[in-house]
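Multiple structures are listed underneath, in structure tokens.
Both of the next two complexes hold chain A, though its partner changes from chain B to chain C.
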Partner chain A sequence: MEISLSDNALKTFARCITCLARIGNELAIQVYSSQLLFHTINSSRSAYQCIALKPGFFDAYNVSGNSVQCSVLLKAVCAVLRTPITNIDHLTVRLPDPDASKLQWILDCYNGMRKTYWITCNVEPDIQHLSLDRQKFPSNFVVSPRDLSRLLANFQSSLQEITIIATEPSSLPLDASNEIGGKAVELRSYMDPTKDNDTLLHTQLWIDPKEEFLQYVHTGDPIDVTFSVKELKAFLSFCEGCEVDLHLHFEKAGDRPILMAPKFGLEDGSHSNFDATLVLATMLISQLHEGAASEPLAGATRTHPHTEERNASYMQQENCRANVSSELPSDHTRIWSDLSVSAFKSISPLEERRAQGETILNDDRQREMQRISTMQISGLTSVPGNNPIDSNVPTEKDHGQEPQDAMQDNGQAISQHHRSNWVDAEEDDEDEQDEDDQYIQPTPPYYEEH
Partner chain B sequence: MKFKAFVTDNGVQLLERRFLPALERTGKSCHLFLTRDHAMFLHLLNGDGVQCLAQFRKEALFHDYRISSQNDDRIAFALDLSLLLRALRSAVAVASSASASSAPTRLEIKLVKKLPPNSTQPMPYLTLETRGYKSAVIQDIPISKPLSRAQVTELQSALDTAQDLPQTLVQVPDLNQLLNLVDRMKQVGDVVNVFISKHGDLSVQVSTTLISLGAEFRRLVVIGEKTNAPAEDQNLSAQTRSSRSISRGDGQYVQVSVKHFAKSLQCHLTRPDCTFFGIAPQGSCLTVIFQFFVPGSRQTDKSISLHCRLPVLDPGSG
Partner chain C sequence: MEEEEAPDVICELENVQGLVDALTAVRWKRQQDAVLELSEHGIVLIVEESGCLQAKVYLKRELFIRYDYNARGGRPRFGVSLGHFVDCLNAFSVPAGQSISSLVQIQYPGPDMQLLLKSVDSLDASICAEIRTRIPDTIAWDYNFEPAGANPLTFTVKSAALKEAIEDLEWPGSSIKITLEPDPPSVSLRAEGHGDLQIDFMYYVNSELLVAFQCDHQASFKYKYKFLRATTSNMPSSVIKENRGSKLSIGRGGMLKVQHLVSIAKPSVSHPYADSVGYQQPSRIAHIEFFVKPEESED
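Showing the complex of A and B:
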């Protein structure tokens, strides 16, 4: 196998590596006659990125046999690309034979110097395939990287997770008496219940998708997803560097991941010689039930998991799942349930530990696991035309639907329709509430001096 | 206990562009002390570090200022300045989009108590809230529990003490020049010697066994107690003149940390119009006072005051 590239393709290639390195540690490489795939997954298995490069992306693209695959450490590849891109005439990557133990990287520089690196291939490559049909996600939006960066600047830079709450756009014009207008999307900093949040800025940002997004699709009841900011920013930088917009697909909290992809000029992106997807696990617990936390009983229930011992974090995890199942019946995504579990685990004291599968697998789960194994085997045997990103095989099953009334009430209570979140004329009521608080000393009603 | 106000455009300019960036460099967190008439950002109860006091008359920052408490309407709490700055910048960015609709900016700031998600323990926050054409934002800045009556009394006492000014102040004409000098001094040593005389001399010097680096400013404008420089000292070296001045009692000398000295000069970010240095009686501290003019005039703006007090490493010889 031998590939080479230069000029703008080399710049894009470097951006791909940079983005992948911010997601995971190991780079899985699969080279087929029709495309080259880069995969990586983070250590907590809550973020998975795949980048596909077509033969046309390269100056030279030669594959001996049907396919080749290996994996290397991303930090080693980053070390190769530490040479300024502007100094590199072209880059050649060579694997002498499918069983070679080292991947050869050759940099031919403009000053006449040739640098050759041999990166040791991992003995047991962790080749992961994840296929999600982006057309199956019911909600999505497209935003320019610059605009999304500006929106994220409202949040504390060290924020770990963020919640997006989507509601159906209002048909009311912005200048109507309803000052909320069309601000149908809320971005909110997520407060980790297992951590000390005393030093965290809590931000709630409502935006008008017609003004801030290039495209926004959501109908029906409000939904929310909570996911990692770190990987989002990595992908954001990637899209910005490639001068493409960012397309984010999502469904709802609990066992449902989100998917991000570049949004090329044309709808199907067929004109592009590369593509990328980032899949992030989401928090299991929906933030749309936050309003219930103010009630004593619900509050007591929610705080129960915190009493678990540190060494019983898995049990804590189970308790949280139990809470979710009792309060919010959710569809079951078998492929992603492990990653979703990991997503929760990633914020536990045992962060970075690989997910543990459930001890008991039902028949459907076992068949699903078998299917996953088959997919991997297919990859190994290099089935021609295998394209995980564009696969149309559905991997999710819809089970039931959320209680509409309850969801709607909670959604309205939290999102833009909640009066207490706005500056309005009902300040006196709020003042009275402040006076009733036991925490701060009660004070006489304020009388303005004239 | 209640506090609510709207930040004015001038208040935004003062805080977001000038004072908060400077105060953040002086110390990560500070006390915000609110009274009926003033809002103060105080680095006072921080042990042996630099004390910094920024005091604003309420009209300089806010309109519709409302405050009440059972402690003579005084409220004080600690907060992280970087979070306040982040929140304020966010609110300003959101509010600025309102310019398209020519609506007046409404940036509300208030003290609230909220129940964090998944928690049963209410927490106090300083909340900024505003909306614009495209978006709306609520920023909840975590703060300490408001100080108790005894703690407020302690803070007030420290504030009263810090308000004492040296008998003699000399005005530094070019703060940037001093900044550049201090940046180089950091590379030389840890202690800076500061000498101030009543006839307008200011010298700063870092000395080690191998190298000395310093500068002397002469004939500076003096406020307060003033004397004329003796004619017979004109041709003497700076060190000799300093020693003679101290002997005559019209000069003082202190040692302060270079880090503290540099930190106090970060207040240049507030863009002061005048800067004064003075040594407190008995050499108890080095005081740096930053003065601001009413825009478009050379009249002192009495609604804003800012000064720093640097602890001395050895008692002065005065």
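Showing the complex of A and C:
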């Protein structure tokens, strides 16, 4: 097997390696007559990237026999590409025979130097395959890398997970859409309930997909997905370097991962000589469902007026901040405050449960296990067994019933609330007046509690 | 009243930065002891490590605006901390952009056998520094570089390329084997560790890379990576910018000599010794030599 490349293809190749190295440690290489595949997966098996390069991508593409496959350490490949790309005339990768123990990387530099690297390779790699049909994801959006980078810049740079909440834009009447602005998508920093989040900045960003996205597809009830930011940024840099848009496919929280791919100028992308996909596992528990699930507990442990006071105070604060910073109309603020209230509810019950000692510890452990287990991409072949999770199957099943029930209630509540507020203007006015009266009175007790 | 003895050497230098660059080139670790040897021809600074690596900086008397040598008997030799010496010289450097020239006087010995540095042409203030010296340890052996045979084994390569090659060769994590081949004329640097890397300089590929090449028979020797890296790790940026060449020679027993040239004078400064504007006489160049002993062959 021998391949060689130069010029712009070499630059793209270097970007591929850089992105892969930010995902995993080992590079699996498969060379077929029709294409060359690079695979990598991170150590926690929550991120998987595959890059396909067609023979036309290369200056020379020679494969003896049917196929060749091996794996090498990505840090060794990065050592090869430490030489500035602008100094490299062309790169040749050679595997003398299928059983060779070292993969040759030859750099011919413009200044006359030739550098030949022999990288130890594993000729029998355990290559993970993950095939997801991106057409089967019900929701997706296309965004330019620069725009998404600009949006992410609003979040704390050390943020580890982020939540995307998608709602149906077509449900808005045309007039209402114009008035409200059609902010159908929310980006929210994820707060791990098992960690101390006091020092973390919590950020929520509402987005009008018509303004920020090149394409947006979502129908039905609101959904959310929570996934890692680190890999997202790696892929974002890759797309920006290749001057292509980013296409993100998602379904819902739970055992369904998200899939990212570059969006080439042409619809089918058949004219491109390379393609890439990044699959990220999502958090098991929905941020929407978790908020609703905690509601019964809150009702059971607190008096009704007290709960209303806390919620009202929080909403009052939210309204003030929103109106001052973004001048959002009150109708919109009320709509999105529902989601904020859900998030708020998910925090206070946890704080209360911490006082229970042993119970809260067990709950924390369970959450951590769930988090760890759900961060593995489902459907991945050769996934090792996870005994600790298996031993907790009964508990998990019992716990899983409540979210399912709450899911339906929460969905219905949100849908009904959205329709009633968006359709009937008179009711909005009346509700607003009532809420104003409620907000003024309980403000002092809320701050005293803090 | 007894008359004061004249110091062994009083010299004055106009461009301190050039001297700092030259001395920094042989500074491969933070704490280094150096030996200064004074003679009527100039100053030689010597540093050494582990009996396997030695570096010399030759500062000819022509580099100095004034050079008064009054030592009687043998050539004065004294030890000094290289780090302290460089740091003190930096204190006399003129900030970039200023047109004021800084004249530094170096005198040895001082009243207490110290090395004295002083700015002498400042109108407002004067900077003085005293550096403690010590009696140098007797060097166990001197590096007598002898040709490998009747014909020299030598090549000159761009300093930037040499530096890049040695930096890349850190990845395998082992000693470096240098091989000179007469046919086709080429130089190879190879390291084998958890990965292998070979870097080839082909004489006929690019005449601007391998500037000169002399080899009548194959020669191959191994050197510890850290010693080879020391020969280029602190090469002044001026050497890279001026696109100079470094000369490497293999002597008897595989002794490697690496020679760099570092400019001391400012190119734009007009000087009485310059024949014409822009021309830089060889006397304005500091010569730096590294000597590296080969690794013992296991064969």
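Heads up, the rule we're going with is that the second predicted complex is superposed on the first by the 277 of 450 C-alpha atoms of A that agree within 3 Å, B and C clash if a C-alpha of one lies under 4 Å from a C-alpha of the other, contacts with A are read in each partner's own complex, and residues count from 1 in each chain.
The criterion applied here is as follows: a contact is a pair of C-beta atoms (placed from the backbone, for glycine too) under 8 Å apart; a residue touches a chain by one contact, two chains touch by 3 or more.
What you see is a predicted model; the values in this text were computed from it and never measured.
Chemist: Go through the superposed model and pick first if A:102 touches only chain B, second if only chain C, both, or neither.
Modeler: second
Chemist: Does the superposition put A:39 against chain B (first), chain C (second), both, or neither?
Modeler: After superposing on A, A:39 lies clear of both chain B and chain C.
Chemist: After lining up the shared chain so the two structures overlap, which partner does A:287 touch, if you call chain B first and chain C second: first, second, both or neither?
Modeler: After superposing on A, A:287 lies in contact with chain B but is clear of chain C.
Chemist: Please name the chain, chain B or chain C, that touches the greater number of residues in chain A.
Modeler: Touching more of chain A: B.
Chemist: Looking at A:15 after the superposition, I want to know if it touches chain B, chain C, both of them or none. Which is it: first, second, both, neither?
Modeler: Neither: A:15 stays clear of chain B and chain C.
Chemist: By the touch definition at the top of the document, which applies to A:113: first (chain B), second (chain C), both, or neither?
Modeler: In the superposition, A:113 touches chain C alone.
Chemist: Quick check on the superposed pair: does A:247 touch chain B, chain C, both, or neither? Answer first, second, both or neither.
Modeler: After superposition on chain A, A:247 lies in contact with neither partner.
Chemist: If we count contacts the way the header does, which residues on chain A are in touch with chain B in the complex?
Modeler: 150-151, 153-157, 174-175, 179-180, 183, 191, 193, 197-208, 211-212, 287, 290, 293-294, 296, 299-300, 302-303, 416, 421-423, 427, 431, 434-435, 437, 439-444, 446, 448
Chemist: Applying the document's contact rule, which stretches of chain B touch chain A when the two form their complex?
Modeler: So the residues of chain B touching chain A come out as 1-2, 4, 66, 68-70, 80, 83, 86-87, 89-90, 93-94, 101, 106, 108, 112-113, 115-120, 122-125, 129-131, 133-142, 146.
Chemist: Which part of chain A faces chain C closely enough to touch in the complex?
Modeler: Counting only chain A, the residues touching chain C are 76, 79, 82-83, 102, 111-120.
Chemist: Can you list the chain C residues touching chain A in their complex?
Modeler: Touch list, chain C to chain A: 158, 161, 164-165, 168, 171, 194-202, 205-206, 208-210.
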